[in-house]
Amino acid sequence: MSPLNAYLLLSALLFSIGLTGVLTRRNAILVLIGIELMLNAANLNFIAFWRYGPNPAALTGVMFAIFSIGIAAAEAAVGLGIILAVYRHTKTTDLDQINTMKG
Amino acid sequence: MTPDTIDQIFVIAKHWLLSYTPAPLQPVVSAALSVAPILGVFPLLFAITTVLERKGLGRIQNRYGPNRVGPYGFSQPIADGIKSLTKEDIVPRTADQFVHFLAPLLLVMAAFLAYAVLPIGKNMVITNLNAGVLFFFAVGSMVELAVFMAGWSSRSKYSLLGAMRAVAQMISYEVPLVLASIVVIMASGSLSTVAIVNQQANYTSIWPHWFVFTPWGFVGFILFMIAATAESNRSPFDLPEGESEIIAGYYIEYSGFKFALFFLGEYLGMFATSGLAITLFLGGWSAPFSFLTWVPSYVWFFAKLLALICVFIWVRGTLPRLRMDQLMGLAWKFMLPMTLLNIVTAGVWHFMPAGFVRWLVCTALLAAPFALLSRGLTQGGKKLQLRTYRFAE
Amino acid sequence: MDWIVQHLWLVPALPILAGGIIALLKQRHRVLAASLAIASMFLSFLLSLGAFVHLLSLGHGDGARMVVNFNWFQFGSEWVRLGWVLDPLTAVMLLMVTFISLLVFIYSVGYMAEDENSTRFFCFLALFAGAMLGVVIANSLLLLFMCWEVVGLTSYLLIGFWYANPKAAAAAKKAFIVTRIGDLAFFLGMAWLYAQTGTLLFFDGGAGCLERSALTALVAHTTIFGLTVSTGIGLLIFCGAAGKSGQLPLHVWLPDAMEGPTPVSALIHAATMVAAGVFLIARIYPLMSADIASLPALTPTVALQVVTWVGAATALFGSLVAVAQFDIKRILAYSTVSQLGYMMMGLGVGGVSVGMFHLITHAFFKSLLFLGAGSVIHGCSGEQDIRRMGGLRKFMPITFATYACGMLALCGFPLFFSGFWSKDEILHAAFAWSVSRTPFFMGAFGALLTAFYMTRQLCYMFAGSSRRAQISPMPAHGGHAAGDICHAHSPHESPAVMTAPLVILAAFAVFLGLIGAPSWPWFQSFLGGEPALLNFGAFSGVLPLMVASSLLVFLGLGLGWLLYHRKRIEDADARDALEKIQPDAFSVLGHAFYIDKLYDATIVRFNAALAYICDWLDRWVWSGAVQAFSYLVLALAWLDNFFDSKVVNAGFDAGCHTVSRGGRLLSFLQGGRVQSYLKMIGLALIVLVMLMLWGARA
Amino acid sequence: MTAFFLIVAALTIAGTAAAMSLRNPIHCILALTLSLVGFAALYLQLGAQFVGFTQVLVYVGAVAILAVFAIMMTRSANPPEGQSHQAAFSSSWLTGGAIAAVIFAVLAWCILSKSTPMQTAIQQPDVSVNQIGDALMHKFALPLEIVGVLLTAALIGAVILAMPERRKTL
């Protein structure tokens, strides 16, 4: 198996572990953390493709990873802020209890 | 023995030793040979510093420091070490055992990792990373996590409060720390510590090209040292460990050797940041005058380090502790704007033609905001009158 | 390259800088703020004067265009380039804008004296002036667009300057949104232009998008309906121009914009900003007139025809509506609309010089009229309804004299007033237009009406006896500067700081026309770039038209005099003379053909309805379906369970449980849980990938 | 397929799994930092030094601490005796896990079924920080500006969200 495929498999595995957490955890903060992990798996893909891709001289993959790290930081800040705001209303971070949008 | 060989003696020795090791082992051995001195020297420096600090503080506070153990009490650290080793290691029952055990190790490990990019002498750096400064800060940011682990794992109000205070303080002072060092990165155009030092190791007539000898460099150095003091939780920024408020902050619940490890970690962190300050602003291992270059480089590094340590001790003995709001106010209302202005000034300096005008403009650019900003800090400044000291004779 | 060209950027930079400084000042530094604004404006006036003189000294020909371009930033592998240009068009506009802004600034010192936010006012004014000058000097469509948007923003801020007054706030919002509609098209046109030519610089040593190489490339391809690309782009950009300078479909914001302070109306909504649209068309005139044939001056391309028709319609419409207004500023606003229509028409039929000539003269006399109106309002303590004025001639002689000058200039009173020459130019060009003669007649009728409504207004305001005493005191105009200060006074003349600009402007309004008279067409030749020569023979060609238009003007004046002056208007609440004659038509005009109502009834209502429908669908159809489905399954499960547990032995219980669990799982579809929605996304992802793989297979 | 890669991959997977499965949120965060450091190590091994250090600086230094603060503020760490034994996983954890597993299966199948184009001679591309800075300033200037705007907006938004909303006085 080529090293690129190894990295891709690894990132796919990490991605789905993060997804599992997102889909199953009750704590909203941990769901957010899961999303961060999924983002990181995607970054790993970018770096791997840059490294083994046809043309590493153009730093596209690295740039993509850098930008997505920055965006992920912003996303974490806003997400946690939202969670705090929600917590202020419904004194819980349990997603099973935050279902006021129930149709 | 020319001065050059004396300067490079450790490097030569290392290569000599490497030449006798079998090829497959060489990378491991060379790594070990580079790391071992660090592991040896800096704890020793820590031991010396404790004595120096206690004696200095004693003098400042009008009493003799430790003076019983050994000549002038200089073997005090050995006694302390033995005590902390033989002391019972207490772990609270409700504590989170694993994390509680992991925290001090992580702290010390992070502190040691930071030395990987500090050039202690000419050709004497463990790894010359391309993004060395970034690595330093990345590792430094792990300390916060260790502190939090320590405070949280030992289920105690005081330690948790201390940890929260410490983390908040570290985060808010990490911003000015990084921004203050950015000016040097701009000026030298490199993130590698070695390259930065090499740039400063040139001389015009007898004067070195240290960055501290420029307006932005000077201001950056001052700001960096303030931020470093806060980063290493030292007085006057020692709220997280304020004995009078929260007994010892996040490591109340630690005793014996772990407690010693925390102390070690803190001091190592302090040395590391001072080392970075020396590397960035004070020309690293380069000699202050061109006619002193025959003195080995590592001597200069450690001399500068000791000088900075003495400054730390002096400050600690002199200044009172800040209040929490004053702490944050200083960080966000004074340090941050000043660092940003400093970056702008560095840019101006870069683009203006060399000469007296450049000095004038840049100094004005920094002095005027300083006057304005510092005025905002002194809320209702009271009159300080002179105190008369009675010295111990 | 000359110093002035290199440092032309200072002209907009100075006012913007002043605005930035003023933004930091407090109300108690009002004097400093005003002086800063005026000083910066004066400096940039001097600079633009220098630029103008430099251009004059340079002589004629295409050499009279100097460009400074620079790289702004790089994205991808391309550089975004900006720049400024100094050519006759720019020079003339610069001179006009800086001069009028200077006068208006001085005037506002007096006008806003009692306002409690005058520093904010001056900050916005200076910012506006800077942005406007940026529009003028821009050599890149992108730079022009940016300044254009800043101009729109400042106009919004200034219309809503008295934001406490809900009408003002609404008007500001309206102006902003309506102009955005135009700007959207503008932006699309810009993007298209960039996609086609790869540059947004106007002049770039032969590579600019207004120069022959690019134009030939543009006219080469054709798009839908066989229009050339240049025409499409030009029309899109014209939408933006129409939005800014109140052309017919998008004119609705301009009359409402009169809620702002009067100096603002004078500067922004009469002289400069609304003229920006015309200026834009004049700037991209080569693009508008580009045709498959090599580019002569006056090819009536489709774009130019559209411009002409829209302009003519606007001119007629504005002057018709202005007849039936009672608010002094609204009359002027509608007259502005119609005059802008004239300019567009002039551009369409007669080329750059004709339209620009009218733009310049109109800028002077219209700002004069607005400032005069402001002085009247100031004197009448915030009264704006001309029915409640009258007999003001004795109280404010200077204002009256200057206002009369402006009025005559606007009507185009023969020979001595600038409006005559410029409007005559347009009518003459329209008469000679090759496509159709209808615009000429529309314009002529508009001229007649213009004379008529101006006379009407003048009679209402200045003639007769004061009608203020008898009317019950209406609430003064909301939050007006002078409104609450000098109520009970009888009308009074304004301070010198306000009258001095009036006098200066009046002088210009009278004599400016002479620089463009047919006998000595200096202005046109300056723009055109060939030497101007004095020959009275030129009169002979245009003489009959001149006589005709003069007759029209006299007719309009006479009608107005007949209706409104021969029989004095004694009673404020009396019906208008015209209303007596033809009430229905009058009310139609009075409501501006109900266009606002139309928009409310169609576009706004439709929008609300659409939103409501979407909401309803979401609330009932989708979620209803999902719920119904889940309930169905639940019911099935329950039935099964019931039947099973009652009838058959417990052997089937497990099955029932699974079924009911299935029902519950389905009911999670609408569980209001983030995670169940995320699961749906995950499933969708799986299906998608499967489908893609399948596609790859097949 | 060096040993280093295997070790780091194992550590990262372990950390990620722990972060998503442990009961105590703080432990989850600590495991998360382990996996993030693992990611950084993978970047370093791939020769992206700058990204690796930035990863540590941003995630370990900022995001993890932020999450810890959020957990502290929402008191979801070591809950009081009342609901101390509440489930850490949502009631429908089975379907979630199943979906994730299927997604992993699909992805893995895609990866293994396709042979991705590789550069012929794999040399370690040493990308210096200077190159990255140069690219950021020239080729990627516009994205950089946009990210800056985004971060500013996020900063303001987070502050406003976290502000204690006061009741309407107007």
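Labels A, B, C and D are assigned to the chains in the order they are written; within every chain, residues are numbered from 1.
In this text, a contact is a pair of C-beta atoms (placed from the backbone, for glycine too) under 8 Å apart; a residue touches a chain by one contact, two chains touch by 3 or more.
Just so we're clear, the structure is a prediction, and the values are computed from it rather than from any experiment.
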Practice task
From chain A, count the fewest steps through touching chains until chain B is reached.
Solution key: 2
Problem - chain B to chain D, fewest steps along touching chains - result: 1
Completion exercise
Between C-D and A-D, more contacting C-beta pairs sit at A-D
Exercise for the section: Just give me the whole-number Å value for how far the CA centre of chain A lies from that of chain C. Expected result: 47
Fill in the blank from the handout: Chain centres from averaged Cα atoms put chain B and chain C apart, in whole Å, by 62
Completion exercise
Separation of the C-alpha centres, chain A versus chain D, in whole Å, is 5
Handout entry: For chain C, residues contacting two or more additional chains
Key = 673, 675, 679, 682
Exercise for the section: Give me the residues of chain B that touch two or more other chains. Expected result: none
Completion exercise
Multi-chain touching residues of chain D, meaning two or more other chains, are 50, 54, 62, 69, 90, 95-96, 99-100, 103, 107, 140
Handout entry: Touch relationships between chains, expressed as pairs
Key = A-C, A-D, B-D, C-D
Problem - Residue ranges of chain C in contact with chain A within the complex - result: 623, 626-627, 670-675, 678-679, 682
Practice task
Within their complex, state which residues of chain A touch chain C.
Solution key: 19, 22-24, 31, 95-96, 98-103
Exercise for the section: Would you pull the chain D residues touching chain C in the complex into a rising list? Expected result: 90, 92, 95-96, 99-100, 102-103, 106-107, 110, 138-142
Practice task
Show which residues of chain D lie in contact with chain A when the two form their complex.
Solution key: 1, 5, 9, 12-13, 16-17, 19-21, 25, 28-29, 32, 35-36, 39, 42-43, 46-48, 50-51, 54-55, 58-59, 62-63, 66-67, 69-71, 73-74, 76, 86-91, 93, 95-97, 99-101, 103-104, 107-108, 111-112, 116-119, 122, 125, 127, 131-132, 135-136, 140, 143, 147, 150-151, 153-155, 157-159, 161-162, 164-165
Fill in the blank from the handout: Within their complex, chain D touches chain B through residues 26-27, 30, 33, 49-50, 53-54, 56-57, 60-62, 64-65, 68-69, 72, 77-78, 126, 128-130
